[in-house]
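Taking it in order: structure first as structure tokens, then the write-up.
Just so it is clear, A, B, C, D and E label the chains in written order, and each chain counts residues from 1 on its own.
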Amino acid sequence: MSPQAILITAFAGAGLVFLAGKVHSHLRDFLAVLSSLALVGLIAWSHGQYGPDNEIVYVPDFLGMELALRLNPLAWFFAIYIAIINAASVVFSLSYMKGKEKLGFYYSMMLLVNAGMLGIVLSGDFLSFYIFWEIMSWSTYLLISYRRGPALHAGMKYIIMSLVGSCAMLVGILSLYAQFGTLQIAELGEAIAGSSSGYVLFILMAMGIAFGVKFAILPLHTWMPDAHSEAVSPFSAVLSGVLVRMGMYGFLLVMYSIVGLKTILNLGAGFFNFHYILSWLGAITIVIPTFIALLQNDAKKLLAWHGIGQGGYMILGMAFGTSLGVAGGIFHTINHGSYIALLFLVVGAVEYRTGGVRDLNRLGGLIQRMPVAFFGCLVGIMGLIGMPLTNGFVSKWFIYKTLITEGHPFLAFMAFVGTWGTILSVYKLLHNMFLGQLPEKYKEVRKAPISMQIPILFFCFVIFLFGVLPGIPLRAIQGIQDTMGFAPLQLTMWGLASGAGALNMLNICFAIVIAFAVVLLLMRLGAKPRRVPQEDSYAAGSSVPAGKYHHSVEFYNPLYQMISPYLKDRVDQFYYWAADKAQGVFELTRRIYTGYAGTYVLYIISFLALLIFLQLAWEIW
Amino acid sequence: MAKSGSERELELYFGPQHLGMVGNFGITLKVEGDRVLKATANPGYLHRGFEKLMEYRTWIQNFPMVCRINVVEPDSMEMIYAMAVEKLAGIEVPERAHYIRSIFLELARVSSHLFGLWAYSNMLGFDTPAHWAMYHRDLVLDLFEELTGGRVYHIYLWPGGVRRDFPKGFKDRIVSTLHSIGGCVPDYDATFFNNRLFYERARGVGKLSQEQAKALGATGQVLRATGTKYDIRKVEPYAAYDKVDWDVPTREEGDAYSRIWVIRDEMIESVHMIFKLLDAMPEGEVYNRIPNPFKWKIPPGEAYVRCESSRGELGLYLVSDGGDKPYRAHFRTPSYPHGLTILEKVLEGASIADVGNTMISLYVVAPEIDR
Amino acid sequence: MDRNQIAKWLKSPAKMANKYSLHAVYFCTGCGIIEIPPVITTRWDAERFGIIPVATPRQGNLFMITGYVSLKTLKAIIRTYEQMPDPKYTVGFGSCPINGGMYWDSYNTIKHLDRYIPVDGWIAGCMPRPEAVFIAITHLWTLIDKGKADGYLRYQENYAAYRRNQEMLFAELEWPPLYPCDSIAEEARK
Amino acid sequence: MIPSLQKDLEATFKGVEVTVVEDSRMSVLAPRDSIPVVLRYLKESGLDHLALLSCVDWIKEGKFEVVYVLTCYMRNDTDYTSDQRLHVLLKTEIPREKPALKSVIDIFENAEPYEREIHELYGVHFDGHPRLIPLLLERDYEIPPFRKDFDTRKYVEETFGSIPPVEG
Amino acid sequence: MTGIIQIVLSPLIAFVVGVLFLGLARKIIARVHRRYGPPIYQPVIDVVRMMSQRSISHGALFELGVVLALAGSLVTVMLIPLGGTEAFQPFAHSVLCPLSSSGGLLVVMYLMLFGPLGLALGAGASANPNASIGVSRKMLLALAYEVPFLLVILAVMSQYGSISLTEIVARQQQASWGVLSVPLSAVAAFLILPAMLGIRPFDLVTAPQEIASGPLAEYGGTCLALITVQKAIHLFVVIALFVDLFLGGGVNLATFLVKMLAVFLAVEMINAVLPRVKIEDAIKFCWKWPTALAFVQMTITVLSK
């Protein structure tokens, strides 16, 4: 299947759904699900069809440039990942969004974001890349601010940071065009090989800012928690699961497809090695957000901070440029997509059934009412922690092993500490939502509707499947790595086969299953327990008071007291402060120019000027 | 942190069925995180209506009653009742009996403090000194057993003196027992009192200033740990406490740490006092006869007497209407303000881990509160 | 361990294990508790026989009612007793739970504990000495051996009557019946 | 200290009867309304420790006698003087029907549980007490149990005697 | 065939030794208390007794949590070499470690999570706040000791350049023991050993005098028996890990167990003479001395590589 067909389906789906929304709501829902599922099918069908057949120039002459699409292993891999998560959240939306207003708009925007992302991964040149990037950014903005109210503020924050990123990318693209006269990705790779390392660094920085904003690397993360908590839950799943990971795609594209492995590894000297700095950024991105997540009481904010933190692992894996690390990084990207989307969907389901409550202090005991959601949450947090048997474990294992064998135990330490922060905060999430005493007002809560259960169970299946048989996605990843020129890994279906540091998930899986069976057998030997209601609980000889016997508020109080002073989001505060000051400067300029210059335009222009100056300065030096 | 979670409050029950609870007593805690927002003492699990039952029994029949008010240290209960009856009936006590009473009460104080030490260190999960303390307490109980025939309840003090004189060689046995316990004081100091972790656990816990302590009616160690030498044995001497020279140990900080230290110092001071009393003890009668207990009537009147039990000021308000039974008796027990007023006050804002710690450092004995 | 013991172990391990691992629920119902610390600490060391205090009723199988039982305590005792897992053994400690003891005319203590929960054995005296506890324990062993320490079974059998007695004291028990009460009890309650 | 205190009390308050029983004990009988002021006055004159708050049921006279036992903490922390032995029994009489009294928690904080207990055992109501909820008892009694007309033996016979044995 | 024998053998050894260690612990502490103490097989009697008791259940998760914890611990045992080297060849397979080529130390670290997580789930399902507070403490305590523990493990892995535990043990037996090559790490690991085992001074998770035995508050009967077994196996795992990391494992099973016994006795002595600390103090302690020592050692190791 040609990339053109995929894109046409995607965009046409978005448009049709919007129109169908005017006609009938059922038609709209049907079309939305159909088109997102059709996309999955189309992309899946096009597996392996790489090569010149699928490199299509769809606008031969646009300001003297060719706009092209192409399908290669990297593009296909990301495309299928985007399509699947999007399809799942569209299905989830069916009941979640039922009865809300402007649904036609919502669905078409969901599909438009999807189309934009597919466009990004399928585009064969940087101009189309940029165009699709902007389509994605703007439709995301509309979706974030869909709920109005504080959502508008969150959306504004997002779009401002996105714009800064876009500008940086634009500078990079213009500079590339000026330098090499082409924007075709395939040609750029050969062209850039001969240029100076200063120039490569400039390109990487310009692009890196754009991707970093999307990727929410510290310190460019501040839009993300607000955007997530304000967006509707199914879109949060897309946002955190795939949209943010477009940054990862961008990094992979620029770093390994265009600039190339060798150049990257030799960029900079000593401590100011490019991949070294990037990996430290990644490590910081793991630790700080994870511990900020610990302080959150809003389920979605908590997950949003984890979304940022998990990005750090991908960076860590990717930055080192070893086969194992990059494989771990890419694998972690899709793994993260699967479990974070799952968790957002679970939170969405809870929110849906309890009437929009996601304050962790007000929930509790829902396990008996929503068992499937609980199961989803459990699997999701196991994935997020990286418990063995889940896919998160395998990718993290790859990353850790890279760090240790490459001789960076400090980075590994930070990654591990991040994991522990994750354990703490996600257990709080699980406990406060599903365990403990059920409040009176949720006694009547019913379990999640079937259209919510299907995506949840689907993701659970994926998490376990990739956890036990990581070979399935790793084969595809190896295909990508082959195109980038990495040394092949000794992959098997169940992990990695190389000497003492081998990984065999199937063995571990069997061991756990057998141990489980043995323990269950032991349990059967003992006397059978008697099932009692929740109220029959130890209370020092008293009877349990209804609704007052549940520990969830300030779950980790002793730690809060110790770390919360250090974990304010100072970056966010700094941006606000800078914006405030900038406002003052622009006021000043506005007075000089008698009010013609808009704030943001000036902001953008001055930023561009800075970047151009930087480039020139490099040339001079 | 914003107190966002007021929606779901947690009521935690500390006692009565709880390993950290010494005695049958309940504290209901309103908790947020691991902090206690509000503590409510919940007594009454041991209420037997003692004072009502006393109105149904003759003056002498009440002796087996009163000692059961405080099981940890029943002897000061006997003492206070004997004092009140003596005061109402105007009975004199022989000199030797005064000395024996003092020695007896100080022994009881030592055994009670050793019990407190057991309770406190057990509360901190500090099993080793707890086991030792309980063993040493048992040695003191053996002395009681020899003297009175009972391990726990003695019914030894009597209006007009004590029930019997010391048996032969008893003095020496007291001295040797106390010496063997005293020989372990360095061990206790090394493992417990000078242990850094004890300091960490007890410092600043349940802190009271002297003004607060006085306003809340504190007595005993709770007050002495804030720096004042308030001790009924000195303030209003009874038995033979004014006959020998001794000191009241105090500390300044007013927290659990200083309270436990005061208890330790007091124990040592008591032992020294016993030695001095044994030396100064005169020979003579130990018992002035009282009328036939079954026909004994006491002239109408009222009295408030007080003595220093091992927990603080123990008082008895006794009213007689001229009959053969008390008309009204009301015990002022030290645990009453400590366990109800002060405990609720100092537990506010404490950590859950410190609830039992605070309670035992206040030396609360539940039956004293409930009676 | 003599041969007889081994044979007993093989025959009914559950019974033997229950004998030698009596975990006592820590509940100081009355002044009898003063003799429990000596029992479990250095001098008498009940841990020799596997007797240790445990924190919650769920973990224990021995319930010592140590001394007089006031009404408020009785409620907690019933709650605690019902939360203990079967098999469980109750020992009344001191004379007060037997017949009220010296509080025979107190308005706030109950007189016969076995009218509210089943009791497997009594230790008379005020205060019973620590040695008496061990005698009681060894006696309890023989009862377990003979299958006569069946308080928990009797509770199940006569639950309606027990519950009726409990409800005669407490108009409203705050928890539902442990076992289904039959119609006789319903009538009796009316 | 005692003679001057007696003089002061009699001079300041109307209807206060002061009896000096022995050199360290004084009994003050005050009308029910003036209890808070007298108490505050005594506290300010050095009797700063409310040791006990008790109640006696004089059933023949048809009144309750509420007794506040006041003693003093030490003036300074080291010296022991004969003044320390002073204790004052402040009494007031209230009728047995609908007995009520003003709470003194604002003067002596530790009066709180005492008042609760007397309320529970005698049925005396204390105005201004923040929580007159049961302190010690589980069951409701028709006559508060510490009143003289409550016959505990009869009550026991009726209540516990009526509960049948379960087995045998 | 040897594989199957190993798979059966290593959890069995862990179970037997762990349970005996539990009994030994009680005996040792009794002796420090100057009393006779229970028979050494007392935990076995306790476990049998609990198995025979008909306790309660608060739902499937309440029991599954325990199963998860115990299964996780059993699997962890299979990843830890229990003595034997390449040089010593009693079987065809040299080292008693059935899953030696399945991910190494990294998997062990993650598998050790199953225990706390399983208990936490079960305790959460019991809807008892004492249990929840206990779990919260457990999580914090785990965070507290994991920081130095990770530094320790990373230092060892960097020192021997491998993530495979069998390889680390083999290297130690060829050259010097870990306690000599990474001494500060060994000290740090020993300092946090009581915290990992959950014994005094760090028994605040199940502090019976504070939160009524915490996560175990609602457990009784079979579940409690399994938890006791899990505790025993966890004890075995942690001490075995210490021996493997720092004392060069064992040439054969016997020497391995002797080394374990030595470490265990040392830890029990600490246990016997200290009180319980508060969770704040536990965190502060773990993040102060053990972390500093482990950090210094790791820096030295990295720089010397």
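Miscellaneous remarks
In this section, a residue touches a chain if its C-beta (ideal position, glycine included) is under 8 Å from a C-beta of that chain, and two chains touch if they have at least 3 such contacts.
Given the structure is predicted, the values throughout are model-derived calculations rather than measurements.
The chains in contact with chain B and with chain D alike are C. Between the interfaces C-D and B-C, more contacting C-beta pairs are found at B-C.
Taking each chain's centre as the mean of its CA atoms, A is the chain most distant from chain B. Relative to the centroid of every protein C-alpha atom shown, the closest chain centre, again from C-alpha atoms, is found for E. Among the remaining chains, the Cα-based centre furthest from that of chain D is the centre of A. Per-chain CA centroids place chain A at a distance of 65 Å from chain B. Separating the CA-averaged centres of chain A and chain C is a span of 59 Å.
With centres taken as mean Cα positions, chain E sits 37 Å from chain C.
In chain E, 33-35, 51-56, 129-130, 133, 136, 208, 212-213, 217-218, 221, 278-280 are the positions where the chain touches two or more neighbouring chains simultaneously. Residue positions of chain D touching 2 or more other chains: 136-138, 145, 150, 152-153. Multi-chain contact residues, meaning those touching two or more other chains, occur in chain C at positions 27, 41-43, 54-58, 70, 72, 75-76, 80, 83, 105-108.
Chains touching one another form the pairs A-B, A-C, A-E, B-C, B-D, B-E, C-D, C-E.
The touching residues of chain B, counted against chain A in their complex, run 1, 4-11, 13-18, 21, 26, 31-35, 351.
Note for the complex: chain D touches chain B at residues 24-25, 48-52, 54-57, 67, 69, 71, 73-74, 77-78, 80, 84-85, 87, 89, 108-110, 112-114, 134-138, 145-146, 150, 152-153.
Within the complex, the chain D residues that touch chain C are 136-139, 141, 145, 150, 152-153, 155-156, 159-160, 162-167. The residues of chain B lying in touch with chain D in their complex are 43-44, 47, 49, 51-53, 56, 214-217, 223, 227-230, 234-236, 250, 302, 304, 306, 313, 315, 317, 319, 327-328, 330, 332, 336-337, 340-341, 370. Residues 295, 297, 359, 361-362, 364, 439, 539-542, 545, 547-558, 560, 564 of chain A touch chain B in their complex.
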